[in-house]
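Okay, got some structures for you below.
Across the two complexes that follow, chain A remains constant while its partner is chain B and subsequently chain C.
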Partner chain A sequence: MPIEAVAMLFAWMLVIVFLALIACMFEDLESDTGSQSNPNSQVQLAAQVGQVHRFFNKAISGEAPAYAMYCTTAGVIAYVLLLKGIHPLLAIPIGAAVGEAFHVIFATTAHIGRTAGSKRFEQPLYLDVLYGHLLPIATHGFMAVLCIVSIAYIQSNLGTLSGMSGLNHPFALPMLAFIWGITVGAIGSSTGDIHYGTEREFQDRPFGEGRRVVYHGKITRYAECGIRTQKDIVGFCVKYGGPCTGLTFGLIILFENWRTLVGMKLGGFLPDLQAINGDMAAILGIVIGIVIGIVLIMGNVTLVKWARKRYGPFVGE
Partner chain B sequence: MDPITILLVVVGCVIVGGVFASLGVHLLPVGGAPAAMGTATGIATGTIMLMLGAAVTGLFTASTVATFSTNILLVSFSGAVGSWIMMGVTMLMANVIYVFGSGLVPVSGRVEVDPITKEPQTPYKTPQCDGHGIPTVSYISGMAGAFIGGFGGAIMYFALLNYAFPAERLVELFAWELGKAATVSATMAAIAAIGIFVANAILAAYNIGGTIEGFHDPKFKRLPKALFSCFFVSLFCGVFVCVVALLGGLI
Partner chain C sequence: MGEEEQKEEEEEKKPKAEFKFPPDETGLGIISAVIAVIIVILPGTWVPAVIKAIGVIFALLWGADSVRKTSKYGLGTGVPSIGVLAMGYGIIGALLGIAFVKFAEPMGPFSSVAALGGVLLMAVVGYISGVFSNHEKIIAMKIPGLERGMMELGMAGSIAMLLQFSIVAGSLSFDKVLSTAIGTGAIALMFVLSMMAMFHPYNACLGPDEKRPRTLVTSVEISGLLCLILGIVLAATATPVWGLGGVVDGVILIAFSGIVWLVFYVKFVKECMRESDSVVGTGLIRTIE
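Up next, the complex of A and B:
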């Protein structure tokens, strides 16, 4: 037994990490394409302060419950197809496509409904904006959901794939898709939105200061060429906000799985899966996790100190 | 253990989980929509989404550990550490975007001096903003909140998995093979734990009412009311779980 099996376990973990990176990056870019989540409050407010715009206005719900729904729908469809004997290479994309069908329906109704609600502020419903954004929303969302369902499939069959069947995750595939759907949405909302909301949405305001309350609603409506739509925004956020968000989820999955597996290995639980070594494996996993957390705290303290020293106190009015 | 003790353990763990969830939510630096524009301090998302994201990440690790450890404290601490890593990475990367993507210095809007590092905050703050980014005090408060919340979610999961819907009981009731029963049992325990967790997190979110920076925020003083409410909500949920378990499980 299998040192190869242990190596396979770590290899599959890295595949999962890579998929997580891709998933969260596309999740954030999809939320920029459709203007979902917190920065959309400014898109909604813009018409109310007289700033008629050509932004897509898709506030279906918070990103976490929205992605939990798409991923769980996709996971359930994939799970049923797998139970019917369909090959995973077919079942998982079909599941993701069904999840995205729901997404596009919600995107359409949300945009039309929200824009219709702004009628009294003379905000028009631009059909070219509606039609032109649905496909980018669906394709970005498809990539995110496909990767999440793939992660759920690998994790629920991790033991079988690596040759140690006792290590299959106890949760069913749709439950794992639900868990990672919530997490990917929470991370995309809390990390990636900052680049869109703080920077791109107010790009004609001074760089290096918080967006003052008097700016709220007065979003940047003109692009480098012509009038700005969400397609200009996603092209900007893909250069920094999107990859940072993908890295966030990738690092979380890496640290979480890595510390558990290293704890299992050092505790003697791998490769023989003897229950007597289970507690030691858990203790080592916890200790490694606490060390990672302390390093993260030190990293943040260093970053804040650096920013204070480099940028200095606020100057201006 | 005799059946009465088992039921008391289930109710006790659900109460501990619910109250810890509420305490964890109060410690998170939640900025909501204003934080996404750099107008307020904290993480740019809703209270419940953030806590739930952290808690389910911890729950994933806790469920893995529960397959090879039967110690409730080890499983719960595994979940707590999972949540704390999730929150730590998320807040750090959020600050990376604030600092390098928007050129902002993370500062608190509620205190003039950081209670931990003693660094002045007001001179670095943009006028007409309630702070921006995640300063050190909020970061550490958020880490503590995620740890406590993750512990609460994982302890609930462990109690429900082993005492309320154990796989052996499903094998006995439906003559399933143990592997299938274990999958169903773990999934149902997780769904029940997440449901009770969300109920408590929502109560705490009502108490916060939008944004909070952490333990140094004046809103943190409202905590006792939330803990009191969550105690009773969790007690009700725990009793309900016992009734369901006594009737044969959630299937």
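Up next, the complex of A and C:
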């Protein structure tokens, strides 16, 4: 087996990492557009404490199941089209478009359903808010779903693409899209929410902390100029929050795959795929993973210590 | 805050819904269960996919009603979890069901009755987990009706999953389901869209002015979407063109579920627009004291 195949494997891994970076960045921004992750409970709460707002309330469960749904739908459509012999360059975008059509349908039902559900708080249904947010949701979501389905496609055909047919993923494309969808949703939900809570409105305070929950409804109200909608939040988050989330996901995929591949190479498994070298490859991969983990933990501790020293302790209201 | 919520709940009972979804919770449960069970029992190769889709819609409607009933007691963020739990039961129950069918197959054409074994098993498991969650010495969640809710969710999930297997595979034969529904990854789609059909209705309509008819309409709408994709999968993977389980069967299912989705989606949007406080093209915000 030539060395080019190993180089191709590493190259495809890097393509997956890059796609993951893009996917998670757009996922995070999309969830900001629909207030699915950034001010989420606050959007529901604001109307209840008398703060009528112009936010889009996209309550489609958590991000992880929701993204699993869009990505699986897209994956199934792409898979069906691939079965019919359609080129992947056409099949994957069509699948992603169908996934996004579902996304928009669910977003509409969630927003108008929740608005009708809080009738007694006199929260009107602003049609411009409804229509104006659907397109940003669909476009950001399309990018995320497109990248995830592409990753699933590459992974399920990795062996064929890199010239080592033994490395094709045993799972079918929709199943991989499902798993990746849950992953991208979970990471997008937990990372990069620089707008969550009161951080933005009270960012002059140390760590942006120290406001009681009852005031949180206010962050759905006014922007620097005029009435705030979700589009302001996307503009705010696109600078650091989105790329930071993408970087998180990309780095996870990079470290995870890189250590596996390097372990396989060092263990002598890679060029020939001999099962006898498998154990050594796994052990080396795990050791490299542990080393990466220790380095990351040390780096994080140093960073947090530096930030505490630089910005002072948590003081409360 | 707690008192306010109680007051809101009391007020919720007073206004009557403008259009009624005919049966009450128990009635809808029994009707849906009976319809869905009859369709499961019939041999898969005799029934067109559209009829099975009707069974799926009823089973998921029952599930959505159960989620609503169970989650009404202040499980705000727990609504999606309950839907996922139901389909977790559903996957296990359906896999057990088709495994039972494999053993019963030599007995004759009505071997799919054995699949109900999986459903009953999940009813027992659901009931036991409900008892565990509510029991004072174990988790002590003390949610009224949780035992019944869990039992219903387990059964509805299993029945819905069995019918979806039957749509894609043509029958409940173990090997066929394994190669067409599980091997192709369609099971992931069934899982994720069925759980959406169960929990999304209540999650989307959540609020003190939530109304049962509106919530249930959403469930039917999502089931329509689910059946649409299943129809596409069936039409694309089926080998015979005509006959049950063929390409035409899939196309008919696509047309049927497309109509179901459209009708119920339009109904839901209209109902929400009518029942929300006001629908305005645009406007400024105000603070209500």
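Structure notes:
FYI, the second predicted complex is superposed on the first by the 292 of 317 C-alpha atoms of A that agree within 3 Å, B and C clash if a C-alpha of one lies under 4 Å from a C-alpha of the other, contacts with A are read in each partner's own complex, and residues count from 1 in each chain.
In the analysis below, a residue touches a chain if its C-beta (ideal position, glycine included) is under 8 Å from a C-beta of that chain, and two chains touch if they have at least 3 such contacts.
Everything numeric here is computed off the predicted structure, so don't read it as measured data.
In the superposition on chain A, A:135 makes contact with neither chain B nor chain C. In the superposed model, A:15 lies in contact with neither chain B nor chain C.
Looking at the shared chain after the overlay, A:113 reaches chain C, while chain B stays out of its contact range. With both structures placed on the common chain, the touch criterion links A:7 to neither chain B nor chain C.
Legend: residue contacts after superposition of the two complexes on their common chain; A:298 is shown touching neither chain B nor chain C.
With both structures placed on the common chain, the touch criterion links A:175 to chain B and to chain C.
Shared-chain residue A:84: touches chain C; no touch with chain B. Chain A has more of its residues touched by B than by the other of chain B and chain C. Contact with chain B, but none with chain C, is seen for A:240 once the two complexes are overlaid on the shared chain.
In the superposition on chain A, contact of A:37 is made with chain B only, not with chain C.
Residue overlap on chain A between the chain B contacts of one complex and the chain C contacts of the other covers 62, 65, 171-172, 175-176.
On the chain C side of its complex with chain A, the touching residues are 8, 11, 79-80, 83-84, 183-189, 191-193, 195-196, 199-200, 203-210, 214, 218, 221-222, 225, 229, 232-233, 236-237, 265, 268-269, 271-273, 275-289.
Within the complex formed with chain B, the residues of chain A that make contact are 37-39, 41-42, 62-65, 166, 169-172, 175-176, 179, 182-183, 185-187, 189-199, 201-202, 207-214, 216, 240-241, 244-245, 247-248, 251-252, 255-256, 259-260, 264, 269, 273, 275, 278-279, 281-283, 285-286, 289-290, 292-293, 296-297, 299-301, 303-304, 306-308, 311, 313-314, 317. The touching residues of chain A, counted against chain C in their complex, run 44, 50-54, 59-62, 65, 68-69, 72-73, 75-77, 79-80, 83-84, 102, 105-106, 108-110, 112-128, 171-178, 221, 227.
Listed in rising order, the residues of chain B touching chain A in the complex are 32-33, 35-39, 43-46, 49-50, 52-54, 56-57, 59-61, 63-71, 74-75, 77-78, 81-82, 84-86, 88-106, 117, 119, 123-129, 131-136, 139-140, 143, 182-184, 186-187, 190-191.
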